[in-house]
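If you scroll down you'll find the structure; I have some questions about it.
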Amino acid sequence: MDWFPLYNSLRIAAISTAAVFILGLFSAYYVAKLPRLVKGTLDVLLTLPLVLPPTVVGWLLLLLLGPRRPLGAWVLEVFGTKMVMTWWSAVFATVVVSFPLMYRTARGAFESFDTTLSDAGRTLGLSNTYIFWRVRMPFCREGILAGMVLSFTRALGEYGATSMIAGYTPGRTATISTAVYQFWRTNDDVSATRWVLVNIAISAVFLLAINLLESRDRRVRKGGR
Amino acid sequence: SGGGSAGSSGSAGSLDSSQADPVELTVFAAASMTETIDQIIHLYREEAPNVTILANYDSSGTLLKQIREGADCDLFISASPTQMNALDGSLKDDAEKNPDGLDMINSQTRIDLLENKVTLAVPKGNPKGIGSFDELSELLKSGDVLLAVGNSDVPVGQYTLKLFDYYGLDEAALNGAQVLTYGSNVKEVTTQVAESAVDCGIIYATDAFSEGLEVVDEATQEMCGQVIYPAAVLRGSAHSGEAKAFLDYLRTEPCAQVFESVGFTMMQ
Amino acid sequence: MLSVDIQKRLGDFQLQVQFETGSSPLALLGASGCGKSVTLRCIAGILRPDEGKIILNGRTLFDSAGHIDLPPQRRKVGYLFQQYALFPNMTVRQNIAVAAQKGRRKETTAELLRRFHLEDVAEHRPSQISGGQQQRTALARILSSEPEAILLDEPLSALDLYLRRQLEEELRCALTAFSATSVWVTHDQGEACRSCRQVCVMESGAAFGARPMEEFFADPVSVSAARLSGCENLVGAVPRGTEVEIPLWGITLRRAAPAAPETTALGLRMQHLRLAREGVENSFACSVVQSAPEAFSDLLTLRPLSAAPEAPLLHMEAEKGRWAAGDLLYVSVAPEHVLTLR
Amino acid sequence: MDWFPLYNSLRIAAISTAAVFILGLFSAYYVAKLPRLVKGTLDVLLTLPLVLPPTVVGWLLLLLLGPRRPLGAWVLEVFGTKMVMTWWSAVFATVVVSFPLMYRTARGAFESFDTTLSDAGRTLGLSNTYIFWRVRMPFCREGILAGMVLSFTRALGEYGATSMIAGYTPGRTATISTAVYQFWRTNDDVSATRWVLVNIAISAVFLLAINLLESRDRRVRKGGR
Amino acid sequence: MLSVDIQKRLGDFQLQVQFETGSSPLALLGASGCGKSVTLRCIAGILRPDEGKIILNGRTLFDSAGHIDLPPQRRKVGYLFQQYALFPNMTVRQNIAVAAQKGRRKETTAELLRRFHLEDVAEHRPSQISGGQQQRTALARILSSEPEAILLDEPLSALDLYLRRQLEEELRCALTAFSATSVWVTHDQGEACRSCRQVCVMESGAAFGARPMEEFFADPVSVSAARLSGCENLVGAVPRGTEVEIPLWGITLRRAAPAAPETTALGLRMQHLRLAREGVENSFACSVVQSAPEAFSDLLTLRPLSAAPEAPLLHMEAEKGRWAAGDLLYVSVAPEHVLTLR
């Protein structure tokens, strides 16, 4: 069995989860502070990838990043590499597709944050950055973990946009889910099932790790004010 | 990729491959060819050990989109002339066949590689008792059937439209009678047939074969024309010689065996 | 030196506060819901006043006219929240260490843990300690940030009596040691009196200036201020030169000085009431309505004999166990202890 | 222009959001109470639809509900209707695909609930049901709204599983996203774009409504204990 | 009739509580962190004791041996949380109405709003009202559920003095009217004394039985109980028949009765200390260390002349303004007021 899709999927999911974590968190934080109308508009834009069929999302990405389009041409010129049909092209797809999950969940969590805590931090002279990472984040931990679980598993399961922008080339751009899809499509149910199980195993490990993180500090949070 | 030998572009078709520089070829092939091309890549490894073939499989429409947007591709095998035409510079002035006036394939290398058959497949036991395309057209007219077809992007979909024309059926009217359901890919149509979700489906012989479906009729040439899989080397290919060599190899006897084993017919 | 002069509207609650205070603690005394916490929040920079100025040691923290509004971080104002606001994800020790100066974080923290009797629970999280322990942690945390001014929103309310005394003393020392300006919100005049030399009385959103503590007790001026100063007996009154008439009780009391013409009420502190014989100056007859036990005395509720039915009753303390409902007695008050109020 | 896909998508998304709301909420509530190991296992199972390509999910559903399979055969026998290729078949697809989003987000929200409030409710004699709906739910409002936004928009954008189990029959099972996909596939970019815009408009309306709900009570929550 | 006999371990904190109380309120008095709140939580059914029994009016609420553990809903025990636990999404009115009986929800709510002075903020949410208003809402909410027993976790700590007096009285009346069993957690012996006839003293997790309030003040038995009863001066002592020696102060005091042999300490209440002339019985010389102002007196900190350097200082109240640091004076205490403690 060729384990390349596993390796490839893991690196794609990891990079994209990290990216989505940062992007989602900051968008959520800054958007929550904006006036209601701007917020509403941004919300729609940022949740958009969720309402489009992933294949269409992939196509739009192709239109944006393809080497014949300005951005892709520039990257090709400067870095000498195409932004499509490489393993890391898939990262664009998974980031766009799973971003709304992190964004929304983080926003929900941030909005239930007890601002007295950040007020207290500010009067104690703690910087906003410190308060963000050491007070707000731990307080919103459950929501943010939920967002990470959703984005990681979504990244792992994403195939529509991925196969559009990165293609399915065994050994180069194949991921677990495009492999699952192709094997399933060509009636190789054994291989398809095998890769489904691999995907499940990865998510299981990830989910259990998250569960441990969650329960470690649950008790502590209750009534802690 | 294997661009270490920058000056190799001119040295076409050096078949004395054992000493040649290693080369990576990217082949974009219609998804319906996944199994066969995979096998042939295996075979080709003995034929030309210096050539590594990377295949990218998807529906021909997606492949066309990817090529058009500049994806690296040396050889394109489409499941229908439509996608190939859209890239063929020799058809530049034919607004219908090549609407964007693209010139991305090397027209001299274009060949018709394979032929497939349009078939009528039914679920196990054939619950509606449909025996032929003729019977199907009657049922479609009376509105008492649910037929799965590919959309016009799934190559078989275009042949299905021709079939409707042959029987004097109007697609819009059929849609109004709600007897058609369009699949977004072949697997969807075959599964829906296999699971009895629909009464019958129009698919390629190869798809029916791999899914093990019961085929009750096969369209003749006058009903919908020939189903042709064209292939061509891309203009931008850095290894056009090796690509051409592989294309030639596809027409040899060992490959023909592979193709015919799943229901394709070799084109002469 | 903290000088505050601000206005702020919150729903239909209107705040207008104005006071100055030096290095000795100022007591902000007011009834529940009068706006004490809102005032502190404005000073700390958590709420933005609609208008006005806040100046601390010459630094302008807020000035609506000059468009100055320092962020809380740069105000150097420590704020003890009424509900602690401890960081739930940190231990007691971390909560305290978080605000301490980098260089000597460890020593400062250890010292404060010791001072506030928190060593045993140093590694506990806020949810695992009692209410009093939480409040002490919050106090220690503020002191560790070494602010220029400290705002205490009822710092001792959740402590038991013994710890309260101790901490009150600790706090007084700490405030003196840091020589920081501090505002001490409380509704306990005892606490206010022991810890602060100045007092600012707040009444439904309005506060105008601080007064020396003694003056406040000697002449609370208004009925609500008298109430806050712990005056238990308040009754409507009419000034008559050096006398005041209490129509509801049907009596007239003599004062040491003429009563101000604006006088509308009269206050009698429990500890100024004496049992007396008939005929003593400023004495009047009462019947005992109820006698409730205190720890070392009884609390008598009395009705002046000539009082109208709807008149407020009179409260006084008396020696334990001597009185029962229905008993008759005479009560007197010295002329200098008859407080006239508006 | 034929407005059927709009109508169809709306009813599917509405029914599926309602179903997912109930299912996700209760799973989250009960799973959160289970011992850690069981919880971990259930978590994996309930998050599964997220790691599978939607087309494969649709295929699995077809294998489950198809008229040749036991369940589908039974329904066909008793109710005389196939469970596939009807407009409401799509509901199965959207429910399965968007369930993990609601489940995870609700679980995150529930886990940051201050249990003192439910304790207070219980000592006041309020039933657990009342406490759940009137105390816990409003308290976790932001998280749950985030979950609803995610599931609704996901339901609206779902095409892979839907097209597999409900097909694309104009006027009968077509939804906005299968329509977008079909038009896009057949290079009818004008129609595709039109339906994309419709989808965006619906999500915009929905998101704005949710935003209003959120901000109405935000202020009230802060420091309210 | 509430009878409690439970044990519960929480981390390294061990609770062991045992008491009975009738229809008059019981005061649960203890230092911060001693386990008062945990005890109440066990009674209310929020925490599950490890072992023991809780019986209310003949109904077994909990019995580890009989595997009985009623859910909080069926215990009919009202619990005033130390931090209110108001429902943040409901208005004050809704918070109160939510627990009221269906039939007369409206009247009950209106009546309680009036009684607790909450009419003005009835339509506000908990976050929009002050700390005191929040606590009154929580109180009203509990009364609206008409419980058989009421547990009050420091019900008055966030109130200002005036409201506190009023509410204390209200509460006393309410408790009497409902004739409900009630447990009143407090660290204010004054409050305990006025409102409760029985007291149960809790010391680092342990409480054994209730005692009548008078007895508790007259003979607190232990040092910590004496502290809780408000005894300010505590010092190590050795019994010598009807005398006790205080080695740290280098003096011996006479008692009315022989001191128990287990005596290890001695308590002197501030209000029992008198200024005296030299030679009076039980008098000793002290120097003034500090004089701090109270509202109507000064608080003197004294050092007995023969005291060791590390000896605790003596606190007493004296008339305002007469003393300065360094002054010499004599202090005496009546033999019946010399408390011997273990």
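Note that the chains are named A, B, C, D and E in the order they appear, and that numbering of residues resets to 1 at the start of each chain.
By definition in this document, contacts are C-beta pairs under 8 Å (C-beta built on N, C-alpha and C of every residue); 3 or more make two chains touch, one makes a residue touch a chain.
The chain list, named the UniProt way, goes like this: A, D = Molybdenum transport system permease; C, E = ATP-binding cassette domain-containing protein.
Only a predicted model underlies this, so the values are computations on that prediction, with no experimental measurement involved.
K.L.:
Among all the other chains, which ones are in touch with both subunit D and subunit E?
P.N.:
A chain counts here if it touches both subunit D and subunit E, and no chain qualifies.
K.L.:
If you take the mean of the Cα atoms for each chain, which one ends up farthest from subunit E?
P.N.:
B
K.L.:
Which of the two pairs, A-B or A-C, is linked by more C-beta contacts?
P.N.:
Of the two interfaces, A-B and A-C, more C-beta pairs touch across A-C.
K.L.:
Per the centroid of Cα atoms for each chain, what is the distance between subunit A and subunit C, given in Å?
P.N.:
Centre separation, subunit A to subunit C: 54 Å.
K.L.:
Rounded to the nearest whole Å, what is the centre-to-centre distance of subunit A and subunit D, using the mean of the C-alpha atoms as each centre?
P.N.:
The computed centroid separation for subunit A versus subunit D comes out at 19 Å.
K.L.:
Averaging over Cα atoms per chain, report the distance between subunit A and subunit E in Å.
P.N.:
Roughly 55 Å separates the two chain centres.
K.L.:
Multi-chain contacts only, two chains or more: what residues does subunit C have there?
P.N.:
83, 128
K.L.:
What are the residue numbers in subunit B that touch two or more other chains?
P.N.:
185, 187
K.L.:
Of all the residues in subunit D, which ones touch at least 2 other chains?
P.N.:
55, 59, 116, 139, 141, 159, 181, 221-223, 225
K.L.:
By the document's touch rule, what are all the touching chain pairs in this structure?
P.N.:
Chain-chain contacts present: A-B, A-C, A-D, B-D, C-E, D-E.
K.L.:
Under the touch definition given earlier, write down the residues of subunit B that touch subunit D in their complex.
P.N.:
Within the complex, subunit B touches subunit D at residues 61, 123-124, 146, 148, 151-154, 175-176, 178, 180-185, 187-188, 191-192, 195-198.
K.L.:
Hey, which residues of subunit E end up touching subunit D in the complex?
P.N.:
Subunit E reaches subunit D through residues 41, 44-46, 71-73, 75-79, 81, 83-90, 98-99, 125-128, 141-142, 145, 147.
K.L.:
For subunit D, which residues are in contact with subunit E within the complex?
P.N.:
116-117, 119-128, 134-135, 138-139, 141, 217, 219-225
K.L.:
In their complex, what parts of subunit D are in touch with subunit B?
P.N.:
It is residues 55, 59, 62-63, 66-69, 82, 84-85, 159, 163-165, 167-173, 178, 181-182, 185-187 of subunit D that touch subunit B.
K.L.:
Residue numbers of subunit B touching subunit A in their complex, please.
P.N.:
Interface residues on the subunit B side: 26, 31, 34-35, 54-58, 62, 65-66, 69-72, 185-187, 210-211.
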